[in-house]
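Next, two complexes with chain A in common: one pairs it with chain B, the other with chain C.
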Partner chain A sequence: MPKLITQVGCPYCGASCDDLEVLVSDDGKKILETRNACVIGSEIFHHATNPNRLKKPRLRQPDGSFKEIEYEEAIDYTAKALLNAKKPLIYGFGSTNCEGISAVGRVAEKAGAVLDNCASICHGPSFLAIFDNGYPSCTLGEVKNRADVIVFWGCNPMHAHPRHTSRYSIFPRGFFTSRGQMHRTVICVDPRETDTAKLADMHLMVKQGHDYDLFNAFRTVLRGHKIPEEVAGIERAKILEVAEKMRNGRFVMIFFGMGCTHTDGRNHNVDIAISLTRDLNDHTKASIMAMRGHYNIAGPGQVWSWQFGFPYCVDLSKGTHAHMNPGETSSIDLAMRDEIDCFVNVGTDAGAHFPIDAVKHLKKHPFITVDPNICMASEISDLHIPVRIVGVEEPGVVYRMDNVPIQFKKVIDGPESVPSDEELFDRIYVRICELTQTEPIWVHGKAPVPASTSRVK
Partner chain B sequence: MAEKIVLNMITQRSIEEGQAMEKGKTTQEYFKACSVVEMNPDDMKRLGILINTNVKVTSEVGDVIVKAITPTQFCPPGLAHIRQGVWANQIVPPRTQSTGVPQYSGFPVTIEPARNERIKSALELVQGSVGLWKGGA
Partner chain C sequence: MAELLIKNGFVVDPSQKMNGDVADIAIRDGTIVEKVGSDAKVIDAKGKVVMPGGVDIHAHVAGPKVNAGRLMRPEDKLFKSPNAQEHYRVEMGFSIPSTFKTGYDYARMGYAFVMEAAMPPLHSPHVHEEIHDTPIIDEAALPVFANNWFVMEYLKKEEIENTAAYVAWLLSATKGYGIKLVNPGGTAAWAWGLNCLSIDDPVPFYDITPAEIIAGLIKTNEYLGLPHSIHIHQNSLGVPGNYKVTLDSLKIAEGVKANNKFDREQVMHSTHIQFHSYGGDSWANFESKAKEVMDYVNTHRNITVDLGCVTLDETTTMTADGPFEHHLNSLNHLKWANTDVELETAAGVVPYVYDKDIKVCGIQWAIGLELGLYAKDPSRTFITTDHPNAGPFTRYPRVIKWLMSQKAREATLDSLKYCSKVIDATDLHGIDTERTLYEIAQMTRTGPAKALGLSHVYGGLGPGLDANVAVYDLDLNNMPTDPEEIEKAFSRALWFVKSGQVVVKDGEITHHGNKRTVWVHAKVRENHQVTRDIQDKFLKNYTLGIGNYPVWDHLAPNPYVIEVDGEA
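Right, the complex of A and B next:
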C-alpha cells in the first residue's frame, strides 16, 4: 500500500507551507503524488526521483569535461582549496537546513572564509534598515487571525509565494477575520499591474524607483500635513484615500519585497517603510514583514547571528573576530573587486542569479558547487558535489519568513551514498583539521566524524 | 518609427520561471520561461516590434537577445521586464550602492528589433562567458 505522509514541509518559498501531503510508494523510494502544494513545490518533489539525479561528485578535467570521483576525493579537494585560498567565499544557503548552515559556519571559521547567504542579493538592505530602525513585526499566524488591511509593497506573492495569500494574507478565515477575504482590504503598490495587484482592492501604480517618495507622502498625510497634487505618479486623492483606509484599519500589515530592495534607495526604502509602520501605530495596530524568498533563507540569518553576531556578509578571514560591512564584505562587491580566490556555492545557483560580470570574476579561481541538482553554477564549477534534498530526503529545522522555526520532514530515502549538507561539511571540517593538525571542536556533544572513515558509505 | 528606444528595466520573479527552474535550468521550459522581455504594446508599436519576435536588449554592462512577448502582467509605457534568471543577468549592472545588492531593477536599457538573431541557451550564455562553452544545442 502506498503511504500518505501528512504535515510535510515544502522546500520552496519563504511561506514554508507545512501542510503538504505526499503519497509515497510501498518501498519508500518513489513520490507518487503531492497534495496541497503549489505548482513549484510540486515540481520539487517530483523532480527528486528523476533517474538522472547525480550520485557522485564530478571533477572538471583539463579538457573541460567532468569525471566522476569519490566523495573522499571531493572532500579532500574542497578542504585543500579552502586552506590554499587567502580569502575564500562560501555563499548560498537558500535551500538547505539550519543543521547544514551551522556545519558550514564551523568550516568557514576554521578556513578563514567569508560567509554570505542569498540575502546578500535579496533582503540584505532590509537587514540594514532593521539594524537602524528596528523591526516591528509579527508572525504569519497573527496576520491570518488579526490583519484586516493588507499592503503588498513591491512584492508579488501570486508569483513568488503562491500560497501566501490563501494561507495567511488574503483568503483565510481567522479568529478576528472570520469572513476571510470579505474582511480584508488589500492594497498593492507596484509599478506593474501584477497578478497580486489584480487581486487587490486598490492598486497604486507607483513610478518605478520612487517608492521612497510614496512612503514619505503617506507619513506626511498621517501626520496631518499637506502633500503635492501628485507623488511618485499617484494622485493626491488616491494617496489620501489609501492613508484613510490604513488609519481606519484594526490591524494593518505591510509586506514588502524586492521592489523595495532591488532598486534605487535599497535600505532607505525599507527604513521609511518601518517608520511608516511606527507612525501607523499612533492610530491603530500595524506591523511589517519582509517577504523572504526561500523556505529557509531566514535560517542563515538566525544561525550565524547566534554563531558570529551577524546575519550575512560575515568576514571570518581576519582569524580573530567576525567582521560585517555590506558593500565591503558582500559577495557581489568582493567578486567585482577580485578579492575572492576560492568560491564555494552551496544550495543556490550563483551562476544563474549573479550578474554575469560577478560570475566571470569568481570563475578565475577554484569554483566549487554543493547542490543536489545540475544548475548553471554546477556546470561551470571545477567540482560539483551532489547532496540530499532537504525537505524531501533530509529532515531539519528551517525558519519561515516570519522567523518561526519549523521542523521539516523527509518523505523518501535519498540516493545511497549521497550525504546531507551537514554530513558533507562536517567531513570537510574534519579533513581541514587533519591537514592543519588541529583538534576539531564540537559543540553540543556532537559525535566527531573521521574524514577518512566516512559515515556515508 | 524609432530604431531604438530607451526603457527602464526591472528583472523580477515569475511563477513560470519558478516552476521551470525547479524542473531544471537546462530544460526547454526554463528557456521558454526566462528568455523573454515584456513591455507595453505601445512601446512595441513605436519600434515596429511584432509579438514573439526577437529583440536585442542592451544595458551599460552588456546585451542579450530575447523574445518580445505580450505582457502577462501589465507593464506601463516606459517600463520593461525580463524575468529573473540567466538572460536577465547578462545585462544586470553589478553596482550595489554599497549594500551588496546589484541593480536588479531600475536601470536604463535600449531595445531594438533583432528578428534574425538567435536566442542563446542558458548554458551557452553562462559557460560561454567563462570560456567553457563547447558548442552544440
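Right, the complex of A and C next:
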C-alpha cells in the first residue's frame, strides 16, 4: 500500500510551506504524488527519484572530463584543498538544513575560511539596513490573522513565492480577518505590472530607481508635512490616498523584495522602509518583512549569528575570532579582488548567480560544488559531491522567511551511500583534524566519527 | 570509575549550613559521595573557597530574541571579543555573546545551570538548537504563557483544569520547564499596538485582566504541582511609579500555598524586581521604592525574587514585553527589532547604554543593590542582571562585589556624574550592610536551586547531588581588603567541576563537559476538549502544522526530564 505522508515541508521558496502531502510507494523509495505543493515545489520532490540522479562524486580529469570517484577520495580532496588555501570561501546554504550549516561552520572555523550565504547577493542590503535601523517584524500567522493593509513593495510573490498569498498574506481567513481577501486592502508598489500588481487593490507604478523618494513621501505625509505634486512618478493625490489607507489600517504589513535591495538606493531603501514602519507604529500597528528567497536562507543567518555573531560575510581566516565587513568579506567582492584561493559552493548555484568576472577568478583555484543536482556551478567544478536532498531524503530544521524554525521531515530514503550535507562536512572535518593531527572539537552530544565510516542515523 | 577529591577547601554550602568549614568534597561518576578511594584524583583547595556550582534562575541566553540582538548588533562584537582559546570554538560578543562564549563564560564563573527566561513556544526548536550549541552548562527554558490565546480563553471562563492540560501539553511539546508570564495581557494588547499598564486593564478583545491571568496561572501551576512556581515579569516594567503595580501583583499570591514534591516553598517568582521598584511619576522625580517592595517581599514567604541589577554597561535589552521595547525605543531612538508571534507572544530588542552620566541610570543601579541589601532572607533573593537587559551575566562578579563591599559601592557612586541626585533619590548611600560569602552562596546557589524545584540536583554539595563544584581564589580567613579582588576571584574560578568533570582550571576552559537539557513532563488526564481546541487552532489560525510543532528529541540529545504527576 502506498503511504500518504502529511504535513511535509517544501524545500523550495522562503514561504517554507509545511502542509504538503506526499504519496510514497510501498518500499519507501518512490514518490508517486504530491498534493498542495506549487508546481515548482512538486517538481523538487519528483526530481529526487529521477534515474539520472548522481550517486557518486565526480572529479575533473586533466582532459576536462568528469570521472566518478568514491566519497573517501572526495572528502580527502576537499579537506586538502581547504587546508592548502590561504583564504578559502564556503558559500551558499539557501538549500540545506541548519544541521548542515552548523557542520560547515565547524569546518570553516577549523580551516580558516570565509563563510557566506546567498543573502550576500540577495537580502544583504536588508542586513545592512537592519544593522542600522532594526527590524520591527512578526510571524506570518500575525499577517494571516490580523493584517488588513498589505503592501508588496518590489516583490512579486505570485511568481517567486507561489503560495505566499494563499497561505499568509491575501486570501486566508484568519481570526480577525474572517472575510479573507475582502478584509484586506492590497497595495503593490512596483515599476512593472506584475501578476501581484494585477491582484492588488492599488498599484503604484513607481518610477524605476525612485523607491526611496516614494518611501520618503509617505513618511513626510504621515508626519503632517506637504509633498510635491508628483513623487517618483506617482501623483500626490494617490500618495495621500495610500498614506491614509495605511494610517487607518488596524495592522499594516509591508513585504519587500529584490525590487528594494537591488535598485538604486539598495540598503537605504530598506532602511527607510523600516523607518516608515516605525513611524506607522505611532498611528497604528505596523510590521515589515523581507521576502526571503529560499526555504532555509534565513537559516545560515540564524545559525551563524548564534555561533559567530554575524549573519553573513563571516571571515574566520584570522583563526582567533570572526570578522564581518560586507564589501571586504563579502563573496563577490572577495572574488572580484581575486583573494579567494579555494571555493566551495554548497546548496546553491554560484555559477549561475555570480558575475562572470567573479567566477573567472574563482575558477583559477580549486572549485568544489556540494549539491544534489547538476547545476551551472557543478558543471564548471573541479569536484562535484552529490548529497541527499533536504526535505525529501533528509530531515532538518529550516527557518522560514519570518525566522520561524520548522522541522522538515524526510519522505523517502536517499540513494544508498549518498551522505547528507551534515554527514559529509563532519567527515571533512574529521579528515582535516587527521591531516593536521589535532583533536576534533565536538561541543555537545556527538561522538567523534572517523573519516572512513559513514554515520547511520 | 572516575573519582575526584577536592581537599581542604573552605566549604561554603548553605544547603548543609556549612559556612567555611574546612572539608573535602568527594566525587564519583558525576555525583557527590561520602568518600572516594585513595587513588582518586586530588584537587588541593587549601586556603580557597569551595562552593556548589552557580544556578542562574533568569537569563536570556538562547532563542530568537537573543539571536535577533546578535544579528542586529555587529558592534557588540567589534573590539569586544576575546581571542579564542586554542582548541576551543571562537568566542564572539559582549552583551549578547555567541552560544559558545555563553557556555564558556558561565563555566569560567563556576555556574552549572542557567534558565533561559523566555521561550516563545512557536520558536522552541530554535531555542533548543541554541541550547544544543551552548557548551558545558545545563540549561532549561521557560515557555511564555500569559498572552497565549488558549490560556486567556480558558482562564476567562475560569477553567483551571483545561489550562493545566494545555500547559502540560505545551511543556512537553516545547521541552519547556515551567510557566513564564511576561507583561500578562499587555503583550497580547501589543498585537494591536496597545498595552496593559495596570493589573486591572482589560486585554483588548479577550476581556480578561492581567490580575485574572496571574491568579489563574498560579492556580494552574499549583494544580499541576510543577517544580518551579510561576515566574513573572509584571506589567508596567520600567515605568516611574510602577512599584504600586508591583505590590498589587505580588498581593495576588497572598494566602496561596505551594503544592509540589520538589521542596519548593514559593508560589510566585517575581523576576528582575529592580525594574519594578520605581517611584515618582516622571523621569524628573524618578526615585527608588526598593524599601517598600522589599518590605513586602520580606514578610511574605511564598514569594521569591531576583534582582535584575543594572551594571552600568552598554547592553542590549530584549524582552517578550513588546510594548515596553517600543516605548524604550521612543526614549533612546536607537534601532528597534520586534517580533509578534502568532497566538502566543511577542518580543522586542533595543540596544541600551546605562550611562554613568545619566541620572536615571545611576538610580536604577542603586535600586538593584538596595533590593539585594534590604532582603532579610537571601535564600529568597537571587542575584541576576536579567541578562542582558540590565547588564551582561559576566558582570555577576561585579554585582557580588558591590553587595559584599560598601567601599566598592561608594567608589561607583562617587564616579556617577549626578552622584548627589542619585543619593537623594535612593537610600544606597546610607546602607552599610555587606553580604557575606554564605549569603552570596544563598543568593546564587542554594536559593535559586530550591526555587526552581531543583535542590535535589543543584545548589549544594551534599552526597547524592550533581557534582558541580567551584573553587575560588579567596581565603576565608584573610579576605581581600581590595574589593576588586572579590570580583576577580568570582570572574574566573580556579577550578570548576561540572557533573564530575573538570571543565575549568585557572579560569581557562579545559573540557566541553557533559551538557544536559532539563525539562518537565507533566502527566495529566486525557482532556478531549483541550486536544480538540489545539487541533482546531492549528487548523485555523497557526501557519504551522501541529505535527511539526513539537521539538524533536534529537535537538536535545542529552535530556534530563523531570516527571510530574499532575493527576495526583
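Heads up, the rule we're going with is that the second predicted complex is superposed on the first by the 454 of 457 C-alpha atoms of A that agree within 3 Å, B and C clash if a C-alpha of one lies under 4 Å from a C-alpha of the other, contacts with A are read in each partner's own complex, and residues count from 1 in each chain.
What we mean here is this: a residue touches a chain if its C-beta (ideal position, glycine included) is under 8 Å from a C-beta of that chain, and two chains touch if they have at least 3 such contacts.
Keep in mind it's a predicted model, so treat the numbers as computed, not measured.
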- Sharing chain A, do chain B and chain C clash or fit in the superposition? fit
- Message: Looking at A:Val411, would you say it contacts chain B, chain C, both, or neither? Reply first, second, both or neither.
- Response: neither
- After lining up the shared chain so the two structures overlap, which partner does A:Gly64 touch, if you call chain B first and chain C second: first, second, both or neither? first
- Between chain B (first) and chain C (second), which, if any, makes contact with A:Gln7: first, second, both or neither? second
- Just chain B (first), just chain C (second), both, or neither: which does A:Lys144 touch? second
- With the two complexes superposed on chain A, say which partner A:Ala217 touches: chain B (first), chain C (second), both, or neither. neither
- Query: For A:Phe354, is the partner it touches chain B (first), chain C (second), both, or none of the two (neither)?
  - Reply: first
- How wide is the angle at chain A between chain B and chain C, using CA centres, rounded to the nearest 10°? 160
- Smallest inter-chain Cα gap (chain B/chain C, superposed on A) in whole Å equals 15
- Query: Okay, in this complex, where on chain A does chain B touch?
  - Reply: 12-13, 39-40, 43-44, 47, 64, 116, 120-122, 124-125, 128, 156, 158-160, 162, 191-195, 197, 205, 208-209, 258-259, 261-264, 266-267, 293, 312-313, 326-327, 330-333, 335-336, 349, 351-360, 363, 373-376, 379-380
- Query: Can you list the chain C residues touching chain A in their complex?
  - Reply: 62, 64, 66-68, 70-74, 76-77, 81-84, 87-93, 98-100, 103, 122-123, 125-126, 129-130, 132-135, 191-193, 326, 329, 334-343, 346, 349-350, 512, 515, 540-548, 551-552, 555, 557-558
- Message: Going by the contact rule set out above, which residues of chain A touch chain C in the complex?
- Response: 6-7, 9, 18-19, 98, 102, 109, 127, 130-142, 144-146, 167-168, 174-175, 250-251, 278, 281, 284-285, 287, 301-303, 305-311, 316, 319-322, 324, 395, 397, 399, 402-409, 438-439, 441-446
- Contact set on chain B toward chain A in their complex: 8, 10, 12-15, 18-19, 21-26, 61-62, 71, 73-76, 79, 81, 84-86, 89-90, 92-94, 96-106, 122-123, 125-127, 129-130, 132, 134
